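In structure tokens below, several structures.
Two complexes are shown next, each including subunit A; its partner changes from subunit B in the first to subunit C in the second.
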Partner chain A sequence: MSSDTMQSTTQRFVDLYRGVRTDLFGADSKESLARRDESIARFGELGVPDRHNEEWKYTNLAAIEKLDFSVDRAVRALDASVIEPYLLEGAAGPRLVFVNGLYSEALSDLTGAAQGVMVERLQSDANLTDLPSDLLDRCADLGALPFARLNTALTAGGALIRVAKNASCVDPIQVLFVTVADDAPVASFPRVAIVAEEGAQATVVENHIALAGAATFTVALTEIQAAANAHVDHARTTELSEGAYHVAAIASRQLRDSRVESCVVATGGEIARHDFRFVLDGENADCNIRGLASLVGDEHVDNHLLVRHAKPNCTSREFFKNILDDSSRGVFCGRIYVDQIAQKTDGVQTNANLLLSDNAQAETRPQLEIYADDVKCTHGATVGQLDEEAIFYLRARGVPEDEARGMLVKGFAGEILDEIRIESLRDRLKEKLFRSTSDRSALQTSL
Partner chain B sequence: MPLLEIRNLHASVDGHEILKGLDLTINAGEVHSIMGPNGSGKSTLAQVIAGHEAYEVTEGEIVFKGEDLLDMSPDERAGEGVFLAFQYPVEIPGVSTNYFLKSAVNAVRKHRGQDELDAISFMKLVKEKTKLVQLNEKLLSRAVNEGFSGGEKKRNEIFQMAMLDPTLGVLDETDSGLDIDALRIVADGVNTLRSEGRSFLVITHYQRLLDYIVPDYVHVLVDGRIVKSGGKELALELEQTGYASVQDGAVQTVGS
Partner chain C sequence: MSSAPTETKKPIEVDPIDAWAESEYKYGFYTDIEADSAPPGLSEDIVRFISAKKEEPEWMLEWRLKAYRHWLTMEEPTWPKVSYPPINYQDIIYYSAPKRKPELSSLDEVDPQLLETYEKLGIPLEEQKMLAGVAVDAVFDSVSVRTTFQDTLREAGVIFCPMSEAVREHPELVKKYLGSVVPYSDNYFATLNSAVFSDGSFVFIPKGVKCPMELSTYFRINAMNTGQFERTLIIAEEGASVSYLEGCTAPMRDENQLHAAVVELVALDDATIKYSTIQNWYPGDAEGVGGIYNFVTKRGKAQGRNSRISWTQVETGSSITWKYPSCILIGDNSVGEFYSVALTNKKQQADTGTKMIHIGKNTRSTIIAKGISAGRGQNTYRGLVKVNKGADGARNFTQCDSMLLGDQCGAHTFPYIEVKNKTAHVEHEASTSRIGEDQLFYCNQRGLRTEDAVSMIVNGFCKEVFRELPMEFAVEAQKLLDVSLEGSVG
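Right, the complex of A and B next:
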């Protein structure tokens, strides 16, 4: 184990695994157990990183060291009204709901899948004896991410969405993960796999909600595979409460002429960390990743990206924005990596930060690593405050100050949110961000 | 009662005094023009009237419709009927003109005790007022002033003025950056808005604009004070003799 890790915390997760090992789904399969064993061993080697680890320099997980997490062995009952606000309005597609990582039959609805769309829940009594073996390790570099390894070892539930060749699911499939802890801290390990076969189209919305209560720790993993000409539209939200820690890996591998769009919105919680590993592994593939975090208090969001252009003529766009109020912190560390053979790569990466308070902080490190000689790649980062001249302009036209500020914040967020095609999700997120902004303004005015 | 009365106005920015005892009175329905060399304080006057916080008023007062204007926030001033057409309209990414303007129109209507406009009445008003300055309605779905040409920005200002129906329109170098055709369109728009109940303060460096928007009174601002006032012929005189000739001129008051 390397020195820049939290050894006792690492050991506690290894012990946690030993305790539940034979109860997890796929335990009947030797192959599956071997994969989990191998993953926990690798996790043990990599360890829970501390801040001496370069990749975790700005995100301190020390708080979880003091927490003694357990995992749920049976799915908790949850009132339907709790998840209602998060459901997509009028969506005909299936909905899978998980509570602390375990599939909830009562809250889910598997009907409504379009022809050629297979939605399979991963759980202990599922027919699946194994995680889909063609998925893991097909996405880049997941092996080096300790928490991706931990997820593979400990996952007790999730969704596998497979869209058959040339089939199309336009109505979004919703996968909703709720974490809740009454008095003792709870950990969960949700898993999502999206497989779009040749020419298929998949639309998936993934929501991670943490309810108020004791501490929760979510270690999530999402894998996307887009075959030739496939199109995956993926939106993911983390909407956390105080005491919630969320660490996720989002990996994608694309073949020729495929397109993957992923929009990742984060708000609330203690820490949300997203590691993106996207590989463009076929010519003319195109990926578009957008991220937005809106934070108050001591909230902390860290987006780490690696987009690898492994074949020629691919396009990638990564646009990330943070709205940072109070003493919140936004971290962005992005890298476009261009293989030597990946000529005619077209890559753009930007990170923009809006600081609404003197105590908010943004760390931004956009990077390029290019081994081909005929590429067009740019990157950029900005850190700024609301434009006071713009506020004056709006006020001089009669718009009250609070509303003017809210309008500018909404405008800043809109450049990301407006790209979400699912209307009810887009409107809900806008409403949520805008409301919290005006609440903040109201609070400031009253102080 | 005059619409606007400025008495002994002193204003500073970053500790530098720009306005040094300015007096100006505008009655309902009058068009006044303020001319002056660069740095004389023309734009400062416009910003102070609109309520920009970077400008500190150290002495004097501004009374608008009998009320203390300096006591009001910029949005309250807009509600009361003050409109500033900016010399450099600000670009606001991510906020569409339509969305912003609907909020603005309804905010001032609310302030004036009028009912808010619904989407249909708002669009009807937009249609009517865009014609005034030949502004392409499609521009309004774009972010405020973003990707607008210089001329479009200025026409957008006058369009917004028409939408907000002020009692005092302050035009800050609206002619700058306009070619002769655009200038004519903007001036025609302003002239259409002239009425007994609406006054204008037209700030300009050049006499050219005043060929199209003919003022009732012309004032010359030099070093933070009005040094000469007269009728529209004063503008022509200045065009021939330059500002140097009036630097030492006697202070006159008009319009009261």
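Right, the complex of A and C next:
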């Protein structure tokens, strides 16, 4: 184990695995067990990183060191009203709901899948080894992400979405992960695999909701595979409450002429960390990743991105924004990696941070690593505050200051949110993100 | 260069970029002078030997020993994006001086071989020094051989002398400022330097004085197996200003040489320090063998209100360049600037950039970094912009552009931006591209040869940096790029 890890915490997760090893799905298959064993061994080698690890320099997981997490053995009953606000309005597509990583039959609805669209839960060894191994092996360096390994070892459930050749799912498929802990800290390891076959089109919404209560720790893994000409539209929200820690890896591998769009919105919680590993592994593939975090209090969001151009003529766009209030902290680390053969690469990466408070912090590391010569890659990063002149302009036209500020913040976030095609999700997120802002303004006015 | 040797003519079909990548180092020659060297290796005894050679006072030796003992506890860093075989620190000769000749009253008494070396390098030591108005403190290996223009400088109250002399003559200043910007425990190579530094320049500009001329030092690495451990300290008191030029070329040789220099700048209220570097050390042969390892710590402290520190560098040499000239902006309204052109060719590696630490209010910094990669060169920009909590109104603009010539090279950008103050405005832009076929075609079509077109485009790419250089250096820098591009097409 390397020196920049939290050894006792690492050991605790290894022990946790030992305790549940034979109860996890697929335990009756030797292969599956071997896979899980191998993953936990690798996790043990990599360890839970501490702040001396360069990739975790700005995100400190020390808080989880003090927490003794357990995993649920049986799915908790949850009132339907709890998830009601998060459901996509009027969507006819199927929906899978998981509580603390376990599939909730009562809350899920698998009907309504379009022809050629297969939506099921990961439950047997067959579908675990069949697909994710294919993905895991070929997705970018997931092996070096300790928590992706931990997820593979400990996952107790997830969604598997497969869209057959040339099929298209018009209605979004929703996968909802709810974490809740009453008095003792709970960990969960949800997983999503999206496979779009040749010419297929998939729309998937993934929500991670942490309800108020004791501490929760979610280690999530999403894998996307887009075959030639496939189009995947993926939206993901991380909506946490106090005491919630969320560490996720989102990996994608794309073949020729495919397009993957991923929009990741984060708010609330203690720490939300997203590791993106996108590989453009076919000519003319195109990926577009957008991220927005709106934070108050001590919230902390860390987006780490690695987009690898492995084949020529690919295009990638990464556009991340953070709105940071109170003593929140936004971290961004993005890297476009261009292989030597990936000529005619076109990559653009942008990170913009809005600091609304004296105690908010932004850390950004936009990086380029380029080994091909005929490329066009740019990145940009900005950190700033609301434009006082713009506020003055609005006030001069009779808009109260709070409202003016709210408008500008909305405009800033709108560039990301407006790209979300699913209307009900977009509206809900706008309301959620801006409600917290206006609440604060109201509070400030009353003081 | 107008007097281009004719033998470099090649058929027109040769790919200009390939040909350029293959062109030989133009300043490779070697001067043989009997050196007064320490045995190879490093121990407390060697540190004492160096200190004794320099006739240093006890406190200086103590400082060196403190650094040496600290160095023993440190590990060589591995995070830079460069690769080189492990350095055996016991194989290096830590001290070597040209034999001291007593009482040089005129240039005639200087070793003619030495003068010849300077002649080849075009150092303005004789008439040129008058014409150019440049005071030259030429460091030949580790001992300053000759210092000129002392009188003019003395009149203005400026102290410009070898570090070893400053330790003896101005101990109170050295004691006060040495290690105040780069402490002896700073990093592996700076600590090594603190223990064994051989010589370097010391500049002190007193209150209110504008240094009457540009100061320049030429560093040369000459004797085999000699690490160069220069230590430069520049202090500008209240309202003072100085422009310091550093330029280097080195003879061709086969063994890698470690160069771990430390440069410290201190600017008090309203002071300005401009530090310019042209670095053209031997880059090694086509396989990268024999080039210089240039592991340098350069840092400036803009301590006073309205102070200003500006770094400009043109890095074309060395097999490995690893340095981050930095500014610590402590004083309110202080300004930090960094302008850099880094060129890697053959198997050269460069990991360079800057750090701007904003501490005072209304501090401003500008970073313009241009990287050019050719052959199998790897060029990395790595930088940090940090705005501390109290740095209200801090402003930073960063632009780092890379140009790629050839499909075997790499260009990388690793900036870090940390902002803890909401009134800060930080902008970062970076781009990577290559010379477009269409650009070359456009030039060709208008009658420009491909070689000239490449040279023109590269020089245009670097213009923003070149115009920050003092005039003499700007000419030299353009020449240097032209020389590098020369021989590409007949």
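Just so it is clear, the second predicted complex is superposed on the first by the 437 of 447 C-alpha atoms of A that agree within 3 Å, B and C clash if a C-alpha of one lies under 4 Å from a C-alpha of the other, contacts with A are read in each partner's own complex, and residues count from 1 in each chain.
The rule is simple: a contact is a pair of C-beta atoms (placed from the backbone, for glycine too) under 8 Å apart; a residue touches a chain by one contact, two chains touch by 3 or more.
Model, not experiment: these values are computed from the prediction.
Within the superposed three-chain model, A:F412 lies in touch with subunit B and out of touch with subunit C [touch as defined at top]. After overlaying the two complexes on the shared chain, residue contacts for A:E389 are found with subunit B alone; subunit C is out of touch. Judged by the touch definition given at the top, the superposed model places A:A114 against neither subunit B nor subunit C.
Contacts of A:L78 after superposition on the shared chain: neither subunit B nor subunit C is touched. Touch criterion not met for A:V14: it reaches neither subunit B nor subunit C. When subunit B and subunit C are set side by side, the one touching more residues of subunit A is C. Touch criterion not met for A:L33: it reaches neither subunit B nor subunit C. In the superposition on chain A, A:L356 makes contact with subunit C only, not with subunit B.
Of the two partner chains placed by superposition, A:A214 touches none, neither subunit B nor subunit C. Partner subunit A is touched in their complex by these residues of subunit B: 50-53, 73-75, 77-79, 83-84, 86, 89-95, 99-101, 103-105, 107-108, 111, 143-144, 160, 164.
Across the complex, subunit A meets subunit C through its residues 54, 58, 340, 343, 353, 355-358, 360-385. Looking at the complex, you find that subunit A touches subunit B at residues 387, 389-390, 392-401, 403-404, 407-408, 410-415.
Within the complex formed with subunit A, the residues of subunit C that make contact are 79, 387, 389, 402, 404-434.
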